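Below are two complexes that have subunit A in common, paired first with subunit B and then with subunit C.
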Partner chain A sequence: MIHRNLLSYRGARYLWWSLGLIVASCILYVTQGDAQPPNGGTWQGYVLGTVGALLIVWLTLLGIRKRRYSSTMGTVQGWTSAHVYLGSALIVVATLHSGLQIGWNLHTFAYVLMCVVILSGFFGLYTYMSYPQLISKNREGGARAELFAELFELDRNARAVASRCAPDVAIAVDSSIERTTLGGGIYSQLFSRDDSYFVRGAGKPVRNTDQQQVIDFVGARLPRAAKGAEAANLQQLIVLLCRRQAVLRRIRRDIRLYGWLKIWLYFHVPVTIALLVALVLHIIVTFFYW
Partner chain B sequence: MDALLRELREGPDGIAEYYDTEISSKELTIGSSADRNIQLLGRGIAAEHAVIRQAGAQLELECRRGEYVRLNGKKKATARLSIGDVIELAGHRLRIAQPPPGFSVAIELQPNDQIDASTFESAFRTDLSQTWLGKRTMAWAGVAVVMLFGLILPLMVYKAHRADNPVPSWFPGDEFWNSGPLHQVHQQAIGDRCETCHEKLFQRVQDSACETCHRTTHDHIMPARLALTELGPTPRCATCHREHNEPQTFLVNRSDSSCIDCHGKPQHGFGEIKMDPVNGFALDRHPEFKAHLLASVAGQAAGRGFSYDWKTVVAELDKAVEQSNLKFSHRQHLDPNRVLRRGDSKPMNCADCHRLEPDGEHFEPITQEKQCAQCHELTFDPGAPDRQLPHGRPREVVLTLQDYFTRKFSDPNFGRVATRERRRLPGQDREEETCDGEPFDCAMRSAKKEIESQFTRRGCVGCHAVIDTKVANVFDRFQVVPIRFARDYFPANRFDHRSHQIQGKLTGDDACLSCHAAKKSTDSSDLMVPGIAKCTECHGDKAAAERVTVQCVSCHEYHPRQPSLLDAIGTQTRNRETETAPRAELAGL
Partner chain C sequence: MYQIAIIGAGPAGLSAAARAAARDRQARRSSPSYILLEGFSAHAKTIQRYQKGKHVMAEPGFLDLRSDLGFGAGSREKILSAWSDGLSQLNVNIRYNAEVRKIGGGKGAFSIQLVSGEVIQAAFVVLAIGLEGNPRKLGTPGEDLARVQYQLDDPKEFSNETILVVGAGDSAIENALALAEQNDVWILNRGKEFSRAKDANLNAVVAAITDPRRRLNCYYETSIKSVTQTGGAVPLTVVMQTPAGEKTVQCHRIIARLGAIPPRKFVESIGIKFPNERADAIPALSRHYESNVPGVYIIGSLAGFPLIKQAMNQGYDVVEFINGNDVKPADHPLLEYQFFGLPFERTVDEIVERFQTLIPMFREMNALAFRELVIESDLMVAFPPGAEFEDARRRMAQLQKKLAKKDPQPRMTRVIREGEVIYQPGEFGTSFFTIVDGEVLLEATGPQKIRTRLGRGEFFGEMSLLSGRPRLEKAIAGPGCILVETPRRTMLKLMNSNEEVRSGIDWIFIVRELQRHFAPFASLRELRNIATRVTLRKLKAGEVLFAEGETGDSLFVLRSGAITLLRRQGEADQLVSQVRSGQLIGEMALMGDPIRRETATANVAAELIEIKRREFLELTRRDDARLDPLQKDVSRRVVDKARMQVRPEAGTLMNFLMDEGLGEATNVLVIDEALCVGCDNCEKACAETHQGVSRLDREAGATFGNIHIPISCRHCEQPHCMKDCPPNALRRSETGEVYINETCIGCGNCEANCPYGVIRMVYDAPKKPGLVSWMIFAMGSGPGEQPDYKPSAKSKEKGKKATKCDACVGIKGGPACVRACPTGAAIRIGPEQFVDLVEERKR
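Presenting the complex of A and B:
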């Protein structure tokens, strides 16, 4: 229940911090009087901008803090809780700093990068809250390696049994094992694309999505089995292939859930780095063309 | 190639067993994936790890990019293999053996028993880190994009612009640094040439950049007068004129605070310049208005009789007296029982005489010809109602009268063609038109009488102040005191009469009379200008119910239209004469 602790850490202390920050920012924003439209150039705008920039730097420091296992500067859990709440508040701070003035420029670019980081963070928070349960439910408490070990054994046994069957069955089973795909590229991992094939008879390889076609192929041979031993082998083979199908499904789901659990970090972290550079340029450029 | 793979396994009784497999393939593939000729599991073994192929007489080993094996204890990615060579891969040992007849290759495989099947995962790409996605790569890519568009290209274009090298407009440049739209007028004049105003990096926009175009704009205070104060230089243009803001029409910081910073405490820093403190627009925050009036001073001019000087006087409204020298009663003219308009016989309106100029602030100057003559004719002989005296030229008046009577007494046909006779006004003398003397003498006598009458009893004297010097020469005897009206009681300020022509339910004359008490004014010396109390009935400096907000700059101009004007105002203290208007020569006869 890591998420519970993350959000309710010390009675959601940082929720109140961030709400306080939001309220203070709003008060500061509305005090931008009739002198000029609200923007980053008023003293209130400068204050909001400075707070926002310091927040961004501090939020980035979580990446360093969580790797410093010996650090006693607060718990990582506390840091992460504050990271989530104050990071959410940053959207308000930065939006008010911008005075809702957007354009095709570096400043809005930095703002968009920040939004990408925060929104990816929201997605990450959501996956961290819901996916670990789904993952452990899918694995039924085991590890992924166990599923792969089971798959390997099933492969080996299926090949052994298939070698005792008719050559076309052996080829079908061998090819279905050799041409089973798992994971792969980003899309395949995230959407469990199954590019499995098997060789049926003398023809070209045919699709074997979810291993169903090879099971059907072997199953269709069963009524035509001439000998008792052959039928027993085929039956044993079908059992192995069906177990194999179940294991593959579970592994695919595991890869998918893991992918979604991690994908946000591939945006959250690199875009944060780009954001830091854009932030520095935003500040410098403000004074380039003062 | 035809290969023999001999796997050595330890049997249940500890005795080594051989399992031979014949492989017929173009090349021998090694890896953890199920479709490899030699499927090996273990840490560091990729799905497609290596291939062994025949290269002429020799065998050749080639690992996939990034992978390697240990060949005879040495890390290798590619190698030529000879009989007896041992390839190690995650503890598995593959020895190249002498191939038996019929085989081109023979390999003895001694698998690593320590490795269990759970490492089978390495045969597949099951983690996002194994795809092209990489936090580091993406971070570098992001940084590169940001640096390119945020710094490198803009700097290049900045330099090119400075060196006057042409840059195509589509090329991404320093407009990417633009923090907001320029004011539309600036956008049209400057476009994307940032360096027009931002002359140097890290330097604020200089006033000189503004003045390149705005040459005719005057500073708030002239240097000579600024020197009288202890104030530093006047603020930068950009203190009030903030660019790159939205909405695109915003350019002036209209807040009072910048003005009040100095004018709230004029006793500090204003030095020799005395001014009332201003802290906003309310009875307790703004001083009463002071009107700029003309004061006339008659004097003796050397050799020419009289001279007349006009001076500007600044006076508090309650003490202000207008000295136009005109005899005029607004009350009388606005009283329908006494005055009706010629033509439609309706009561007079303000606008009958006071016509707003296009600027919406000032009124057309009042002249006899435009405003008075319509009703007030300058006839002098009821017997000749079509003859009128010239206005504004007293000498011509005397000559006209003399000419008229000369003709009247010498022309035998005079009077026969007289058109219409006017009714005599009660109590007014009628010139006796019979004379026994020489016609010329009679004419001169009658002319003299009429001249005296015009200048002292009726005619000129009805509106003008006339000084009778009693000198013998009739041309020098009467001095008409000239009339002048102040053009603008508050020359340095703005007021929009047009927007005040409708005030709530008041329109037309009612709107005018709500501020200007013309119906009570019997004398032209009354200054019918309302004070600040009247303004604050509707206006305030802060947003409030039933109040229209005004800022300092709503009425006051920061940049004087004429630099001399503000200088003049600043130097004068209350009720002190300050300016001598161009000398007006008395209309000597």
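Presenting the complex of A and C:
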């Protein structure tokens, strides 16, 4: 046991820090008197608000610390571990600060933004904890480039074998290779959309999702093969196409998993910036009431 | 009849000829007293062949140039033109295309026969022919035709020609592949396959030959019988012997890359003796560079001095020596600085001579080699704390002030206090110490503090030198001690050329290992006898030391390398233990169980000391033998092996690590793929902390289960990269990191020598903007490496330099790659943690 993940970093040291913070915040909350309902305006509310605001600023600093490569201020893993635990505690701190006074106003807007950021962080944490394992298993020790190298090799071989078969088979295989799609836009990557087509006979291109149709097409030709050599070629072709299908599935899965692993940050970070703006406005507006 | 014939117009020969020319001019001689003979058609053949614009370094920086020709760091063109200017200015008597076939006669009347048949008479001969040798020719009629070439400077020079490339080595393959870009190339291989080539070249050439779209084809088992110039559009007619019989083809040109004839045969034909059969042996020379054949002098790389400046200085000096002028060599002041702090006053030559007589092991060395050894070493002198020490310190400080302007600073005497620690256990020492005077105290670590006193003529530090392991003991400067600290590289060079030194060091290593493992209180004298009876075994990678089920009658101490122990389990071999240098193997055979329970195989090249039963009993029968810890070690190892045996998956993982060469690693980057999110922050951190170039490739490298070993330096026990670095730019720090310092000349030897592909040759990357100017003002490129950067004109002129991981030596907080990993996937570990790595892993 030599590698430590984010959550168990240093025996989950920051879990205890954040639990301490939560307990302290709760104590502060219940000491608010009966003069007015618990809210952000009591001195306890101000303390909670200040702690929450400082926490938000500190949490965003991770983006800077991550890029200060020669910094010796802790390790990035330590910072990230603390980011996760203290970021989670922020929900409690901010909720207690709000005193659950929800309304259609800027303050609630800032609160909602914060919740969105934290929830997207939870999703990110989930992907960080579980997807690398899935990606590693899916790649079976190789890199993505190796999968593509194998795919291109299969393409070449399939074309070579197909060229020795009947023209319609050759056209079907060639077109299925040419019209295989991988990746694409955000949606296609995240949901493994497959817009593959192939040309069957003289007709228009038909859908070839997951390469199944072209395999079926070549398979259907097999019983009608005239010569022994043709049958052998077709059989070899089917093996190649099936292997190609398997490799494509694997690449598609890799793209999908990797996509999810990356995409949340493209949400988490911009919303964080929006949150910072909202937070500043929230603080300014608060002081107008003062 | 000339006074001096200089053979070879490289830096050494040119400088010698220039000195002779200058002397002639001084003496107002009308005809030259010397002749410079060069087999090639231009001077400085090797440097001419460098790529255009290559930057040539002027190492070592602290040595002054002494020559009638100019030389300083600069581009190849600048240096070559400075030399040809010098040659014409001094009107040097140089004869090109004058290859020497034979040298006969003796001092005062040598007759030098050229290939052309002409004979030149000279009183003295200076050999400055370098190590490269002449290219091997075809050996068939037509081998000297202009269109039969033995080198290829620029493959782009030719296009749409039919070219035959003869040879099956790396240079033939590389030339053929490059030429095939725009020519029709046939490669002629005398054998059935390309077995001599590097793997990368082998794969590339076979792929190109089988690819119908490439313009490269191969004739196997084919040799040339004759070449004739027939004229016409395709001017050469070549008759070849193929397996199918004789065949005649037409081509435009032949590029023959058949290797070089090493100059040693030629040198030996003159009567010059080499100390041994090793390929890198250097002939014995006097202080004046004179060989065992009176009147024949050897300078430059053939004399063991590969750097340009050294060679040029020797060229100057040798002509002065021949003329009876006993000048002080250019390195004389260096020795003066080194001896400056000694507590006695003598001339430099006297001190060198005295040192040599004081150290028995070095007595048989030739004077020149010993002098070089001292120049490359550090001298340490211990003074009693107090006034004497302060005074010595002050004197050195004054000298330092005087030399402050010299950059880099030459080595000076290192003044230490008596009682000061020379090294601590655990430090990665790379040097070897010889005691010239006084005493040194060695203090072994472990349960008992065992102290050994060493005196004049003795040496220590051999264990780290031979095995690459960190120091095991503490060394303390004793009263009046004067030490020569010799760097590893110099020592290895010496061991290769001097049998005396090699056996001396081998012997003390064995004695100290016996002492450490079995009889810590035995004196050297007692152990000497036993040491002569144990044998040294060498294994190549993959060789088997002993097999499971055999009966054994000896145990082994692993001196260097790594050994895997495998147990047969059902159908498969199961790894149960990994033995590293300094540990025992097969000890059970002498401790109750004569049957070998494992098969021992070397992972990497290994050296072992074999101890037979009789010697073992002799060692352990002593009253003060170290039996208890030995037995404890043995039972711990038996348990460890059993534990590994019952968990096959751990053994498989360990096997994978060993296959990846981690058996010789001291510090390796291991990534847990189950944690790695592929953010490449490790690479970015590496680039950002190392001048914009990452020294690791995260994605490349092998994976087993979750464990990924990226392409990154492992800081081997015996670094392959350090083997052959001309300016000695590759260093190992005390904490073990292997790094490259700024004296790198960009030769690429280390890149070629590293079996793990972790060294790259790169141009300097452009300077990075600060984070803020990048983020807000969009200046330059962002954090991390920009792999397609355009090198600036300045960095192009400087040329490509080797870069490798230095494990962030000198950077606070440790390796940046590890500190920058947000998920904890990247760690750097040493071999002692491999067991933890393969232990049942849960998070």
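In this text, the second predicted complex is superposed on the first by the 283 of 290 C-alpha atoms of A that agree within 3 Å, B and C clash if a C-alpha of one lies under 4 Å from a C-alpha of the other, contacts with A are read in each partner's own complex, and residues count from 1 in each chain.
Note that in this section a contact is a pair of C-beta atoms (placed from the backbone, for glycine too) under 8 Å apart; a residue touches a chain by one contact, two chains touch by 3 or more.
Worth saying up front: this structure is predicted, and the values here are computed from it rather than measured.
Peer 1: In the overlaid three-chain picture, which partner chain does A:L6 touch, first (subunit B) or second (subunit C), both, or neither?
Peer 2: Only subunit C; A:L6 stays clear of subunit B.
Peer 1: Using the touch definition from the top, say if A:T209 reaches subunit B (first), subunit C (second), both or neither.
Peer 2: Neither: A:T209 stays clear of subunit B and subunit C.
Peer 1: Of subunit B and subunit C, which one touches more residues of subunit A?
Peer 2: B
Peer 1: Would you check which partner chain A:R67 touches, where first means subunit B only, second means subunit C only, and both and neither mean what they say?
Peer 2: second
Peer 1: Just to be sure I read the superposition right, which of the two partners does A:T31 touch: subunit B = first, subunit C = second, or both, or neither?
Peer 2: neither
Peer 1: Which partner does A:G40 reach: the first (subunit B), the second (subunit C), both, or neither?
Peer 2: In the superposition, A:G40 contacts subunit B only.
Peer 1: So, A:Y258: does it touch subunit B (first), subunit C (second), both, or neither?
Peer 2: both
Peer 1: Go through the superposed model and pick first if A:N105 touches only subunit B, second if only subunit C, both, or neither.
Peer 2: first
Peer 1: With the two structures laid over each other on chain A, which partner does A:F288 touch: subunit B (first), subunit C (second), both, or neither?
Peer 2: first
Peer 1: Between subunit B and subunit C, which residues of subunit A are contacted by each of them?
Peer 2: 143, 145, 258
Peer 1: So in the complex, the part of subunit A that touches subunit C is made up of which residues?
Peer 2: Interface residues on subunit A, with respect to subunit C: 1-6, 8-9, 64, 66-70, 72, 75-77, 79-80, 128, 131-133, 135-136, 141-143, 145, 258, 261.
Peer 1: Once bound in the complex, which stretches of subunit A touch subunit B?
Peer 2: 33-37, 39-41, 99, 101, 103-107, 109, 113, 143-146, 148-153, 155, 177-186, 189, 251, 255, 258-259, 262-263, 265-267, 269-271, 273-274, 277-278, 281, 285-290
Peer 1: Please give the residue numbers of subunit C that touch subunit A in the complex, ascending.
Peer 2: That would be residues 672-678, 681, 684-685, 688-689, 699-700, 702-704, 706, 771, 783, 811-813, 816, 818-825, 827, 829, 833, 836-837, 839-843 of subunit C.
Peer 1: Any idea which subunit B residues touch subunit A in the complex?
Peer 2: For this pair, the touching residues of subunit B are 33-35, 41, 116-121, 124-128, 130-139, 141-143, 145-147, 149-151, 154, 174-181, 194, 198, 201-205, 242, 245-247, 250, 253-255, 257-258, 549, 551.
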